[in-house]
Structures are given as C-alpha cells and as structure tokens.
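Given below, in the form of structure tokens, are the structures.
Below are two complexes that have subunit A in common, paired first with subunit B and then with subunit C.
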Partner chain A sequence: MEQFIQAAVIGVSLGAQYALLALGFTLIFGILGVVNFAHGGFYMLGGYVAYSCVVQLGLPYPVGVVAAVAAAAALGWLFELFLLDRLIDDHLATLMLTLGLYLLLSSGLLSIYGPLSMEFTFPVTGSLRFGPIYVPRENLIVLAVCVLAIGALWLILFRTDLGRALRALADDRRVATAQGMRPKILFPAAFALATGLAGLTGALVTPILALSPSVGDPVLATSFLTVILGGLGSLGGAALAAFIVGLVEAFTSVYFGGSIGALVLFVLVLLLLVFRPTGLLGRQARGA
Partner chain B sequence: MKYTLALLSAATIAIAGLQPVAAADPCEIKVGAIGPMSGGGAQWGLAMQSATELAAAEVNAKGGLKLGDKMCKVTVVSYDSKYTADGAAAGANAFASQGIKIMIGPVGSPEATGIKPVAARNGQITWNAAYAKNSLDPKYPLAFHIAPGPATWADPMAKYVLKHFPNIKSVVLIAPNDQAGTDVASVDSQAYQNNGVKASEEYYQRGTTNFAPIITRILASNPDAVDTASSPPGDAGVIVKQLRLAGFKGVIGRMGGPGTEEILRVAGGTDVLQNFYWFETMAVTDQMRAIDDQFRKLLGKDPIGGTSMWGDLPAARMTLKAIEVAGTADDAEKVAAALRTLPVDDPNMGKGVWAGQKQYGINQELYFPFAVGIIKDGKQVGITRVDPNS
Partner chain C sequence: MASSLIQRPRLLGGDEAGALILVAACFAVPILTRNILAYSVLNQALIGVIGAQSVWIMLRMNLLSFATPAFMALGGYTVAIAGEYNITDGFLMTAAAFLVPALVAVPLGALVLRLRGTYFVLVTFVLSQIMQLLLFETPRLTGGSNGIAGIPAATLFGVDMMSQRQVLFYTCGLALLATIVAVALTRYFRQHFASIEENEILAESLGLVVWRYKAMGFVVAAGLAGLAGYALVTMLLTAHPSSFDSVVAVDFIAYTIIGGRGSVLGPIIGSLLLVYATQMFGTQGQYAQGLYGALILVVITVARGGIVGSAAALLRRLRPGRRATA
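Coming up: the complex of A and B.
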C-alpha cells in the first residue's frame, strides 16, 4: 500500500511538470498550427537563466525563476514576430525553423556554459515524511507553482479578452481576423506565453534533476507524447494526458521496472492512435 | 532585398579577404578524438579529447613526429559520438572522409559496437574504453582497448569495498537497459554474489531524467547498498540525489566508469554522497596530478575529465609513438603492428602490460593496476591503488 501511495505522489508530481510543458506545446499548435521543435530549448534556456541569476549573480532563486520566464517569453516573442510569422502557413518551413532554433539554443548554451552539468540545487531541500511515504519539499513547491501557473493560464485563456481572441484564432483564423483579431500581435503573444511556460518549467525542474546542454532532448519527446495522447491543440486534453503520463510512468516503473515503464507509455499512445486518432479530448485534425 | 543581398555578399567577400591565407603544412598528422562530448557521458568523451590533445601537444612541443626525414605536427580533430552506436559509426566515416586513420576513442559499449565494423572497413585504428563483454574481438585486429572491464577488476574491487563497508549484505545495481548497462551490471552482480552479497539488478531506459519511481522500487527491497554501475555520471548524480531525498541512508557505490566529479556536481557535494565508493582507473598521486599541470602548461587551459583523462593518456601517447615507429599515419595496419611491439610503460602511469587474451582472445588491452575511491561519512578518504591479487 505504501508503494502504491508513493507511486501516486510521484505520478502527480511528474504530471504537473509534464502539464506545464505540454500546455505550452499544445497552445502553440492549437493557435498557430506550428509543431514547436524548439520547446526543449526554451526549457533548457529557463534552467540556464535561473542558474546564472542564482549561482553567478547571487540573486534570490525566485528572481531567477522570474528572469527565466521573462527570457524564454521574450525570445519566443521575438522569434515568432521576426521569423516564424513570415512563414506561418508553411508547415515544413516552421518545422525547420523551430528545429534550427533548438540547435542554435543548445549549441549556444553548450559554448557558453560548457558540456558538463552545472552545480545547481533547489534552495529548499529535505522531505516531508508520513511513515514510509516521503514527499520531497522541492517537489511540493514545484507542484504548487505548476498548479498556480496552470490556473493562471486557464484564467488568461478563458476569462480575458486576450484569451478569447487567441481561442477565436485557434477555432477559425479567417473569421477571427475578419472580426478584428490581429494575428500579427496575437501570434507572438501566444508563442511568448507558451515559451514562458517552458522557461518556467526549466527554472523549476533543472535544479531538482540536472542542468546540462542536453536536458532539452527528452522534454520534446515527453511533450509530444503527452499532447498526442491528449489531442493535439486541446488544452484540457494536454493537462489530462500529462497527469495520465505521469501516473502511468510512476506506477509502471515502480511495479514493473524502468524499462517496462517507458514501453507501456508508448504502447498506450500507439493504442490510442489506433482506436482514437484525435487523442483523448481532441476533436479533429487541425487545418492551420 | 537585392540591396541586402549585395551588402551580405560584400561583407562576406570583405571577411574572406581578411583571413590570412594559410600556407599548406608540408607535414601534418591528423588524429581523431571520438566519444560522447555532450549529454550524461560528456565527461568521458571530453576526457578522451583532452588526453589526445595533451599527447599531441607533448609531441608538438618537441618539434612533432619524425616521419622519414620530415618532422610532422600532430593536430586533433574531435567528434561527438553522443554515446550511440550510430554516432560512433558516423564519426568513423567522418574521419575517413578527412583521411584520418587513427582514432583515440570511442568510450561506451554502444559506441564500440557501432564503430568496430565501420572502422575495420575504413582501415582505421580505434581505442575504445567500453566495458562490454565484446570490447575487443579477434576479427577486428585494428581495435584496441584502453583499460580492462569489470570482468578483470569487479571481484577484487568488491573484496576491497567490503573491507571498508562490512555491513553491506545486499546491493541493488542500477544501469541503463542497453549493452553498456547490462554487460557491466551483470558482471558486477556476479562479483558481489561471489563475495557473499545478495545482488539484484534494476535497469532503466537511457534518456530517463527522473528516477524517483525506480528509486521507490529499489528501496522497496531495503538494500544495504545501491550501485550505479555504468550509468553515465550525469544520470548517477540524479540517482544519488534522489536516493538521499527518499531517505536512503545506506552506501552508494559505483563499480563502473569513473566520473565522480560530475556526480558530485549534480548531486550537490560530498555531504549528499555521505558513504560512497567508486572504481578509478588509477590511484591519485602527485605523478598523476602532474598530468594536469603539463596540460595547462602546453595547452593554456584546464583539462576536462579528471582521472578518466589520465587513464586515456597512455593510449594516446603510445599511438603517436607507434606512428613514428611505423613511419606512417595513413596505414593503420602498420601502425597497429608497431603498437603491439611497444612496451606498456607510461611516464605518469608507470609500467603496465598488454592483456585481453583471456577475456577477448586478443592481446590488445592496456592493463595498469586500478584504484578505488572512498567517501566515508561525507569526507573524501582518497583514491587508493588496489592490488588485484589482494
């Protein structure tokens, strides 16, 4: 029973992290119709900006997190405005652009910080213990920030004019544009919002795990897997799928070992694609 | 647009014009350094690169390698094989396209598996540092091995570790679920069992970033020790960090590749490691530390890789010597033949022997006495040379 509860705690914690990444990824696809291959790069950038603020500049960790969000959002905004926007309807071009940005980011960070891992630890350590069950304090803080961020994103998307405009563009760009929505302003804003989320996740998670110029690689795979499971472009689906992925990964790894855990996730996605190609909450393939 | 293009063209021409036109070097020998230079195993690949750079710099400081009546400068070309079989195979081909027949590296078992047939086809020498059961193979006579694998040192190391940590009665080994992980963990596991320790193995998918679920599974068996075997140092650092966070108070070990500096960086220092032991290719002595000073003096920067770099250096030095003896860097067969005749006697490492016949059926492995590092109660005890016959 203890193992079951422990697996559930780990699964929820993983799910929250995956949700932040997947929401940004699916937001970009849902609104812009772009598969952002640079998503792991923004995660990595967030980690390195937070590291520089905290370790190199001696700033408090929360300032580092805010700086990481700002840096990732600013780069995302500039990238969308000056590069992506020019080729927004050319899927191959946007794919190559985002992939190119990822390579630039990883190579740039590699040349600045070097290839080895950084000594970057979370400012709060230790675990809360309930008998044999443990909950790392750092994971609790990350979980709280993730839940707040997801809530804030929901408020922005469903309770503000900006959110309504973004959703309108996602539903039907031509009609939304005819109604006065301005993609030239809204697309960079949506991209910045999503990359800011990736930067936030990087700043929160890399001090708990590890920070090196290769930490962005698995992020893309996880984000992709999660949003496919949830339904490409579906925000609710991405959040739901993130927690399913986290829980499946935790339970299968705890009960069947690390190799089976990874395998089960891919089998799950494979089965879903066969029986429900649109994902858990996706409606239909989006025409960008 | 035309104006922009014209400006760009003009700028390109101007920049090109500023480049000094280098005179073709009459005699330059290019040597490849290959290994993972990014990702969790980066420390091992960069160690390979640093060792090759130092060996080349030492030769160049004396005027170069004497080939016939010419003194040739040695330059090092690096390739990041990313700890993958395809990366290493691509690296061998990339070097072949530049006419490079001598490679120092690669590091890991997947890389060694991937590079051997390609390098054999290209006629290239390789020096892998893999711990795989097939690191060497008589059908690949151009493949050499930098140091012995766990089949040679796991048993004496287990004996040494148990003298320092006699309370270890059970151990769980954790490693990636590929050849690099399973070959080492299974040999280590047998060594523990031969010394009366109950051992079991846990494997994970390479690329795993969060080990919390696997750690929960490991701790359910309540082991006295957890051994990170051949997990890349970056992964091992996260495993150590998360084990301690989960409340594991036992000993953590590493009967696998070196990389403790990286583990310390990721985990957060010796306080986190508490009680820790690890395999080292050699003892840390003043004579070994002198390698780093030599590196800084000749190359004007810090070496990367710590003891891994020291362990890779004899192979790089001997290979350059063999090129001189063979009188060529283009005929790998001749260089390999010369290499086999050289005595194993390194200025820093001391005397060693050619080994490998028993394990692999071919005597192309460098064997120097190994060492074990110990951290006890959060304090570095040191890295001590271990007599395999003790």
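Coming up: the complex of A and C.
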C-alpha cells in the first residue's frame, strides 16, 4: 500500500511536469498547425539559463526560473516572427525549421556548457513525512508551481481577450482573421507563450532530474506521446493525458521496472494515431 | 508528327545517370588509396547514401519518414542474428537485410499509410521509438542494451570481408545496389509519384490507385533502410540499439533536404558532402548537428531546392537560351 501511494505521488508530480510541456506543444499545434520539434530544445534552454543564473551568477533560484521563462519565450517569439511566420502554412517546411532550430540550439548549448552533466541541485531539499510515506519537498514545490502555471494558462486562454483571440484562431483561422484577429501579432505571442512554458518546465525539473545537452530528446518523445494521446490541439486532452502518462510511467517502473510501460504507451499511441487520430478528447483532425 | 508532341519517357534522366555514375565512382577510392581515414569516411557516407535514399523515396510522395532507423535495425539485427548461426553469405544476407524489413513494412504500411502530412511524421516517429524500446526489451534475441557484438565478417564467394578495404568495396556494392533500386522504382513510377506529390486528391479522382504506389514506396524504402542497417553492422561488426536511434533519422532527413529533394542526386550528394563536412570537425563531431541545423534553416527559407536544386537553377540561369527538359 505504501509503495502504491508513493508511486501515485511520483506519478502525479511527473504528470504535472508533462502537462506543462504538453500544453505548450499542443497550443502551438492547435493555433499554428506546427509540430514543434524544438520543444525539447526550449526545455534545455530553460534549464541552462536557470543554471547560469543560479550557479554562475549567484542569483536566487526564483530569479533564475523567471530568467529561464523570459529567455525561452523571447527566443520562441523571435523564431516565430522571423522564420516560421513566412512559411506558416507549409507543414513540412515548418517542421523542418523547428527541427533545424533544435539541432542548432542543442549544439549551441553543447558548445557553451560542454557535454557533461551539470552540478545543478534544487535549492530546497529534504522530504515531508506523512505516516509511512515520504514526499520530497522539491517535488511538492515543482507540483505547486506546475499547478499554478496551468491555472494561469487557463485564465489567460479562457478569461482574457488574448486567450479568446488565440482560441478563435485555433478554431478557424480564416473566420478569425476576417473578424479582426491579427495572426501577425498573435502567432508569435502564442509561440512565445508555449516555449516560455517549456523553459519554465526546464528550469524547474532539470535540477531534480539532470541537465546535459542530451536531455531534450526524451522530453520531445514524451511531449509527442502525451499530445497524441490527448488529441493534437486539445488542451484538456493534453492535461488529462499528461497525468495518465505520468501515472503509467510511475506505476510500471515501480512494479515492472525497465521501459515496458513506455513501450505499452507507445504502442497504444500508435494504434490511437491510426484508428482515432483525434486522440482521447480531440474533436477533429487538422487538415494537415 | 504525333510522336513529336508526346515526350517519350527516356530510359534514364541526366540526374539519375549522374547518380549511378557517382556512386559507382566510389569504387575508385579503395582501388586508388590506402588511406584508412578516407575508407572510414566514405564507408559512413555510403551508409548515409543508402539511408537518405530511403527517406527520399517517401519524400517523393510528400511523406516525411522518421521510421528509417527502425527498418535499419530490422535489417542490421537480421544479419547479426544470422551471424550467430554462422550464416554470413553476402548474397543471402543482402537479400535477407532487404526482405525482412520490406515484409514487415507490408502490414505496417497498411496501418500507417492511412495517415498523411503531420500525422504520418508523428506515427513514423512513434515507430522508431517503439523499435528502440523493443530492442531493449528483448535481450534474449537482440542482446538488449548490450547489443550483439563480434558479428562474423560477411563472406563473398568464400572470401571473408575482413580488411577495411574489403568492407568498403562491399559497402560500395550495397550503395550501388540501393541506388539502382531507388532509381528503377522512381523512374518507372515517375509520373505516379509526381502526381501524388503534386495533388493526392486530384490524382486519386483521376483514377490513380494511390495506396498501391504509396505501399510500394514504403516497402522499398524499408528494404533500402535494411540495406543501410546491414552496411552499418558490417562496418562496426556490432549491432547496438544506439546505432538505430532517432538521431540517425534526423541525419538522413538532413542529408536529403540539404542535398535537395527534387532529384535522386540530392540525397547522394547531401550524404557525401555532409559526412565529409562532419569529419572536418574532427574530434568535435558533435557540432556537426549544429551545422545540419543551420543548413536546414537556410535551405528551407531561401534555397528550397537544396544543393542540387540550387545548382540546377544556377546552371539554367547561366544558359538562358536553352530550356530545361528534365
């Protein structure tokens, strides 16, 4: 029983991290119709910016996190504005552009920080004890920040004019544009919002897991998995799927070990893609 | 007079003849030089040539595939496992490395070819991830995370391909075979593939049985990927999961896009040049990925034809009087 609850706690905290990544990824796909291969790159960028602020400049950790969000959002905004926007309707071209950016970004980070893992630890340590169950404080803090960020994103998307405009563009770009929404301003904003979330996740999670130039690949694979499971472009689906993926990973690694859980999830996602490309909660497949 | 109105399909286009000659010319390297570094670079480049052509065949139909490493692994591990039973005959193994992935691609193609565009990209990415996990989860068959080491050298007419020189000859042969297959397929179905690339719905409504050509392309692309896996395993004498991860797919896609997706020369020239460029980084090989990234950005934003397409456009501009017929 203790093992079960322990696994559930790990699963929920993994789920919250995945949700932040997947929400950004699905936001980009839903609004711009772009598959962002660079998502793992923005996660890494967030991690390294936070590392530089905290370890090299000696700033407090929260400042590092804010700087990481700002850096990832700024790069995302510039990339969308100057490169992606010109080819926004050519799905193969935008995909190649994000792939190119990812390769550049990871080899840029590699040349600055080197190939080794960084000594980057979470500023809060120790764990809380609830009877027989231990919960690391760092996981609780990350969970809290993730939940707050998801709440904030929900407020932005469903309670502000910016959010309404973004959702209108996701629903039907032509009608939304005719109604006065301006993709030229809103697309870079949406991309920056999403990459900022990836940067936030990187800054929060890399001190707990690991920070090296190769951490982007698994992040990309997990984002794919989650987003396809939830339905490409569906925000609610992404959040739900993130917690499913987190819990499945936690429970299978505790009870079976190895990567059998990931294998099951990937096969499930393959079948889902083929037979129900709209995912769990998606409404319609995008005409891509 | 009617015959002059209809352009009769030629046996080979200029670019296709060029591609065959270029790959065949690689045989000259092991004959002319004894430089071990040149051998190793060319061997890697030729594996790229085979793999990139697999990507290119699918791109002919506007399908971007990340599944190449999965089929490479099927071909490579087939040979590695056969080696454990001391089956090393070159002809037999070449056939097996082509046929096993191709046969697996038949039912798989029936599943994934229902998808187009972005969804196809995603499903092939998922496929390559599944193959990685399968390799780790089947240690009895594939050696799991240890892979299969000490694979016996391939034999041809009773001769073991032991030296690097012999292995390079062998890879040249595989690359030439792959190029012949790719050229034959895309030449024979040139118009079919072109019409699918141009407008799939229109092609279908005009009576083209689109799924048939897509399936054929997918199966042959899988077979070529298997050959690339065979060449890789022959070079390393080891089959390891890390040789078949998604980075390999990204490399092949980079070779194809940067070389130029318009002609079969593109993936060939792209592989040869980029693998050579990677060697220029020397021990800093990991930065090659950054170079690929930068070149992809340049190709997609300003030079859509890649190296070959841009060179062809430049040639046309230099010779204004003549109209290109190819």
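Going forward, the second predicted complex is superposed on the first by the 278 of 288 C-alpha atoms of A that agree within 3 Å, B and C clash if a C-alpha of one lies under 4 Å from a C-alpha of the other, contacts with A are read in each partner's own complex, and residues count from 1 in each chain.
Assume a contact is a pair of C-beta atoms (placed from the backbone, for glycine too) under 8 Å apart; a residue touches a chain by one contact, two chains touch by 3 or more.
This one's a predicted model, so the numbers in the text were calculated from it and none came from an experiment.
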Inset, instruction - Put subunit B and subunit C onto subunit A via the superposition and say whether they clash or fit. - result: clash
Inset, instruction - Name the contact category of A:249: first (subunit B only), second (subunit C only), both, or neither. - result: first
Inset, instruction - Could you look at A:60 and tell me whether it touches subunit B, subunit C, both or neither (first, second, both, neither)? - result: neither
Inset, instruction - Scan A:136 for contacts with subunit B and subunit C and give back first, second, both or neither. - result: first
Inset, instruction - For A:96, select first, second, both or neither according to whether it touches subunit B, subunit C, the two together, or no partner. - result: second
Inset, instruction - Mind working out whether A:151 is in touch with subunit B, subunit C, both or neither, as first, second, both or neither? - result: neither
Inset, instruction - Using the touch definition from the top, say if A:108 reaches subunit B (first), subunit C (second), both or neither. - result: second
Inset, instruction - Once the structures are superposed on A, label A:215 by its partner contacts, choosing first (subunit B), second (subunit C), both or neither. - result: first
Inset, instruction - Figure out whether A:123 sits in contact with subunit B (first) or subunit C (second), or with both, or with neither. - result: neither
Inset, instruction - Using the touch definition from the top, say if A:87 reaches subunit B (first), subunit C (second), both or neither. - result: second
Inset, instruction - State the stretch of subunit B that overlaps subunit C in the combined model; pick it from 5-13, 23-31, 41-49 or 77-85. - result: 77-85
Legend entry - Set of subunit A residues, in rising order, touched by both subunit B and subunit C: 110, 115, 217, 221, 258-259, 262
Inset, instruction - Going by the contact rule at the top, pick out the subunit C residues touching subunit A in the complex. - result: 62, 64, 111-112, 114-119, 121-123, 125-127, 129-130, 133-134, 136-137, 246-247, 250, 253-254, 257, 286-297, 300-301
Legend entry - Touching residues on subunit B, where the partner in the complex is subunit A: 37-40, 42-43, 46, 177, 202-205, 207-214, 216-217, 220, 234, 237-238, 245-247, 262, 265-266, 268, 304
Inset, instruction - Would you mind writing out the residues of subunit A in touch with subunit B in their complex? - result: 3, 6-7, 10-11, 13-14, 110, 115-119, 121, 125-127, 129, 134, 136, 209-210, 212-215, 217-218, 221, 249-255, 257-259, 261-262
Inset, instruction - Mind listing the subunit A positions that touch subunit C in their complex? - result: 29, 33, 35, 83, 86-87, 91-93, 95-97, 99-108, 110-111, 115, 217, 221, 224-225, 228, 232, 258-260, 262-263, 266-267, 269-270, 273-274, 277, 285-286, 288
